C-alpha cells in the first residue's frame, strides 16, 4: 500500500484528537491518509477495549481513511526495544507514506513520549537498505518528512495547520469516541491536566488558541526538527 | 499613595484585557491595585479619544481601582528617552507598588515593547537614592517584583494566575470598552493577528488555553525574569 | 500513609544535600514530609553500605521525617524498566504526596538522570485507574505537583526556596553523613565536578548563589516543567 | 504600486547577497518583487557611492525587479526614530507587498540590526488606520508575512528556500557588485568575520550549508517569529 | 595504554568524517590520539564489512593513530544497557584519555544518539572507584573533558576547531573510505539528508561553514555541556 | 597606545568586581590590560564622586593597569546615540585591544545594558575604514574578540576563567572601593538584588559558584556570542 501521509498515535483517538483536522484537510486535497495506533487503549480510565475498538472503527469510517492499523502493544507499557522499532520501520516501508505525524518526544504520558521517539528512530531506520533486507518486507524507503503533534506538554510550534474548513467535521470524528467524553473518575484529576472531562472542549480550546496564532479560527500545531523547505512563502 | 500592585499598559484597555482577572483577584484578596496607562489610545482604529476616556472611567469604576493614571504620551509614538523613563520612575516612587505588571518586551506593537522595556528600566532606577533626590518627589523605592504579561507574541509563561472566580467579572470589565468590540475596519486585517473583531472572544481563548496549563478553567499568563521566590510549593 | 511531600533521591544523602532546607521548611509549616531513596549507595566511593545506613537513620531522625523508604535498587545500575517504574508508581499511590521533588532529568550521574525520568513517568502512571487495579495496592492518585532539584548540571531554576531560617539545621543534617565529608580518593577528581572534598562547602556555595537570586541569604533551586499556578504574586 | 514581495536591505547588495535566489524564485513563479535599500552604502570599505549606484542599477536590471528604491539614510548611522520608521511604514503602505524580508534583528552590523527592528515596527504600524491618515499617503495595509534573513550572526532558520534552479543566476547578480569582490583592505580583518575577500565564495558556503539541511544543493535561510501557517506539508 | 584524546564513533569513518581535522591537529601538537568504533558498520548501504575493515585500517595508518579499537556491537542495533556501558567505561579506564569526543546525543541515526548518551554515562561511571573494583580492569579515572561532535542534526557549537593546516590531509583520510564515496542507491534518498552521494563534498560544506564562524577557512564544530575553562581568551 | 585587553564598565568598580581576577591573570601572563569606565559613578548610592575617583585611582595602581580612562558620561543616563558610540569606537581604534570585555546586554541596570550594546556596536564600527577616516584618529582596527561579563542577570556562561591564583589579590582590589562596602541605605533593598551590603561577600559567592562549574575554587564567567575558536581542548 502507498499512503501519502501516516499519523501514528499511542492510543486510538490520539490521532483524531491531535490531528483530526489535518487528516481531513489532507484528504480534502486528495491525499491518501492512514492512521497507525500502537496500542488498543485497554488501560484507559474510561471504556472497555471492545468499546474503543468499535469507536475506532466508526471514526475510521467517518474519516474515510485509506488505512487504519494497530500494533497491539500493551497500553501503558510501550517499550522502544530493537524488535519493536524495527517492526515499526517495517510498517513504514510497507505503507510508504511521504509524511509522518507522531507524538511529541517530551509528552508526559510515557507511551506518547516512547512512541514519539520510537517513530523518529524507525523513520531513520526505514531508509537503511541492508536492514530492510535483513528484516524482510518491502525495500528501504524513508518518508520525506516527519513532524510531531502536541500532547500534554506545550511547545512552540513550527507551523500551524489552518483547519477552519474541517473544524465541524473534526468535532464529529471526536464524538465517535463516546466512551472518552464522559466525566472522569476520581483517579483522573491530577494537576497539570486539562480541567474538565470533555475532550471536545479541550480540543476546541487548543484549536482556537493555535488558530489565532496564524490568523485562523481553528488550527493544529506541529513541531518540525530543523528548518523546513517550503514552497509557500505567502502563508496559509 | 501606597499601592500593593500597579499594572502598566500602553493604551487604556491593555491592562484590563491582559490582566483584568488578576486585578480582580488581587482586590478580592484585599490588595490596593492601580493602573497606569501610558497613552490615551488616540491612534486606535476604533473609538475616539473621548470614547476611550469615558470607557476607561467606566472600567475603572467597575474594577474599583485604588488608582488610575495616564502619562499622556502620544499613541503609536511612545519613546523611551531619559526624561520619560525618569518620569515613570517618579510614578513608581510615588505609588510605591510592591508588584508591577507590564507589557512583554518583545511585543509586536512598538508601544507595547517600548513600555515593557521602559518599565523594566524605570523599575531599576526607582531604587536609586541620588536619582530620586535629583529628580525630586518621594524617596527611592524599588517595587519588590516585576512581571510581564502577554501581548501579540506567544511566550512560555513562568506562572499562570487562576482567575476562575473572576472570569465573569473580567468579561464585564472588558465590555466597558464597547468601542473596541466592533468589527475591525479594512486596514486592520494583517497576518499574525487574532482573526475576529471581538476582543471578548480572544480574551476567552487565551484564558482557557493558559488556564488548562494549570488545571484551571481560566488563567492569565505572566513572565518572570530569573527564578521566583515563592511561599507556595503546592500550587494554586 | 498520607504525606504532603515526598523527596526522591537515587542515593541516601541526595535528598538532604539538595533539598534539606526545603524539607525543614515544609516541616516548619506543619507538613508531613517523606524521603524515598532508590538505592543504598553501596557504589559510593566513601563509606560502606552499613555506614550509610546508619548515617541515613541519623539524618532521618534529626529531620524528623514522617517517612523514609528505600527501593533497594543496585547503585550505579538503576534501570527504568516497566516493573520498576510501576513499583515506583505504587509507592506514590501508597504515600499519596501532593508534592514530589526529584532529580533533574539531565543530571550527569546516570542514576540521577534515570531516577528523574522514572519519577516523571511513574508520577503520570500513578493517576491511571486501570493500571492501579492491575498492579494492586491503593487506588490511582497522581501527586498535584512535580519539581526537579539541582544536581551536577546547572539549570535555570523556575523558583528558589528561601531557606534562611533552615540553613543552620540543614548543615547539621548534612553532617550526619560523616563518611561523605572526607577528602575524595584519587579516582574521584574528574572535571566538571566540584573541586573539594567537602560537601558542606559545596552546599554552602550553591545555597548562597541561588539565595542571592531571590534576595535571600540561602536558597534551594527547583525546576518546574511548564507554568506554575501560584497564589503568591508578591514573592517569598 | 502593488508588489507581491519586498526585500529590505541596509546597503545595496545586502538584498542580493542574502536573498538573491529567493528573489529569482519568486519572480520565476510570476511574483512582482521589489528591493528597498535604506542607505547608499557610502561607508563601505570598497567602492565609491557612484560605483555602488551603478552596480545596483546593473543588478536591478539583471534581476528584472519591479521596483528598486532607496531611503538615502546615512550609511553606518541608521537610526530608528519615529519619523524614520513612519517613513518606512509609508513605503510599505505605498508598495503594498504581501511578503516582507528584512535583516535579522541581532545582526552584528548596527545598521543591519537597526533596519531589522525598524522594519518589524514599521510593518506593525503600517496596519494602523489613523496613523496612515495622520501621515498621509495610501491607506493602512499591513503585509501578511514578515521574515528575517541571515547576516553576520548564525541563527536556527525556520525555513530554507531551495534555490537550486536559481543558483547560477544568483552568482551572476552578485557579480554585478564588482567593487565588493576585491580583496579587503587592512582594516577589514576583524575576527568573527568571514575569512576571505570574495563574497561569492561566502555566498556559496552558506547556500550549500543551508541547502543541505533541506536536502537541496543550494538554499537561503529565513527566520519567522512564531508558527507559520503553511499549505505545504510535504516539503519543497 | 595512556592516550591524550579518544574519539568514539558508532561506525568506522564517523570519527574521521566529523573529527578528522581535529585528530590531525592534536597529533600535530604531539598528542597521542585513539579512535574507538562501536560497530563495524555492516549495516551500511555501501561496502561490505570486509571493505570497511580494510578501509578503516588504511585510514588508521594514514592518520597514524596511537590506538584504534572496535566494540563489535551490532550495527543499527546499538543498545545502551548496563553491561555495554560498563564495558565502555572499562575502555575509558584502560585508555585513560584526558579528552573524549563523541556523537551528539540528539543525532537522527539511532546508533549515533545511543553512542553519544552511552559515552556520557560511561564517562561519568569511569570515575567511580567501587564500580572499577567490581568490574575489574584499571582503576577509576574519569577523562577531564567530554565534547560532542556534529552529525545529522545542526547545533549551536560551543567551539570550532580551526583545521586550515589539516584540511588537505583530512580529505586524504576520508578518501580511504572509497566504498562510502559512491553514489547512493535508491533507498538512500530520504529528506533531511545531505543531497549528494559524496561525503567529501558534504565534509567540505560543513568545514567551510563552521570555519567561517571563527574567521578560518575550515573548521570542525564541537558542543560542550556547561561552561568551559579555557586558558586562551585571545582566540585560535 | 596598544593594549592586549580592554575591560569596559559603566561605573568605576564594575570592571574590578566582575573581571578583577581575569585582569590580574592576563597581567600575570604578561598582557597589557586597560580599563575604560563610561561614567564616574556620581549617581551611586554610596560615596561622593571625589571618593570614587580616589578609590578608582587606588585600584588602578594596585592592579598596575597599563591604561585607565573615563568617558565622563552622566551616571544613570548613558545613552547610546551615534556620536557616543563613534566616540567609543574611536577609543577602541586608539587603544587597539585584541580582547574586549564588557557588560551583559540584558543587565538590569540600564547603564550596564546600554554600555553592553554600545560596545558591541562600537566594536563592529571600529573596523570600518571610511568611518575611521571620517571621524579621524587612528585607522580602522576591530578587536579580535568580544566577550560579556556577568551583572545582575544570570546567564549560562560560555566559559569561566579560573582565578584561583588571583583570588586573594582580587579581594584586595575590591577593598580599594571602601565607600561601596558599607551597609546600603533604605532605598537600596529592592528585590532581585543581592541581599547584603558587602560586595566582597557577593563577589565571593559568584566566584565560588562559577569556579565549581569548571572544577576550580574561584572563577569569573564570560559569555561569547557564537562559537569560539580555541587552541586549548584540554581545559584550563
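A, B, C, D, E and F are the chain letters, set down in written order, and residue numbers restart from 1 in every chain.
Basically, a contact is a pair of C-beta atoms (placed from the backbone, for glycine too) under 8 Å apart; a residue touches a chain by one contact, two chains touch by 3 or more.
Please read all numbers here as calculations on a predicted model, not as lab measurements.
Common neighbours of chain E and chain F, by the contact definition above: C, D.
The mean-CA centres of chain B and chain E are about 52 angstrom from one another, to the nearest whole unit. The geometric centre of chain D is 39 Å away from that of chain E, both derived from CA atoms. Multi-chain contact residues of chain B, defined as those touching 2 or more other chains: 144-145, 154, 156, 191-192, 213-216, 226, 235.
Taken as a contact graph, the chains fit none of the simple arrangements: neither line, ring, star nor complete graph. Contacts between chains, counted with the stated touch criterion, involve the pairs A-B, A-C, A-D, A-E, B-C, B-D, B-F, C-E, C-F, D-E, D-F, E-F. Remark: chain D residues 4-5, 22, 26, 98-99, 144-145, 147, 156-162, 210, 213-216, 219, 221, 226-236 touch chain A in the complex.
On chain E, the positions that touch chain D within their shared complex are 154, 156, 190-196, 202, 205-206, 208-209, 211-217, 235.
Residue ranges of chain C in contact with chain A, taken from their complex: 81-82, 85, 120-121, 124-132, 134, 139-146, 225-226. Interface of chain D with chain F (complex): residues 42-45, 76-77, 79, 108-110, 153-154, 185-192.
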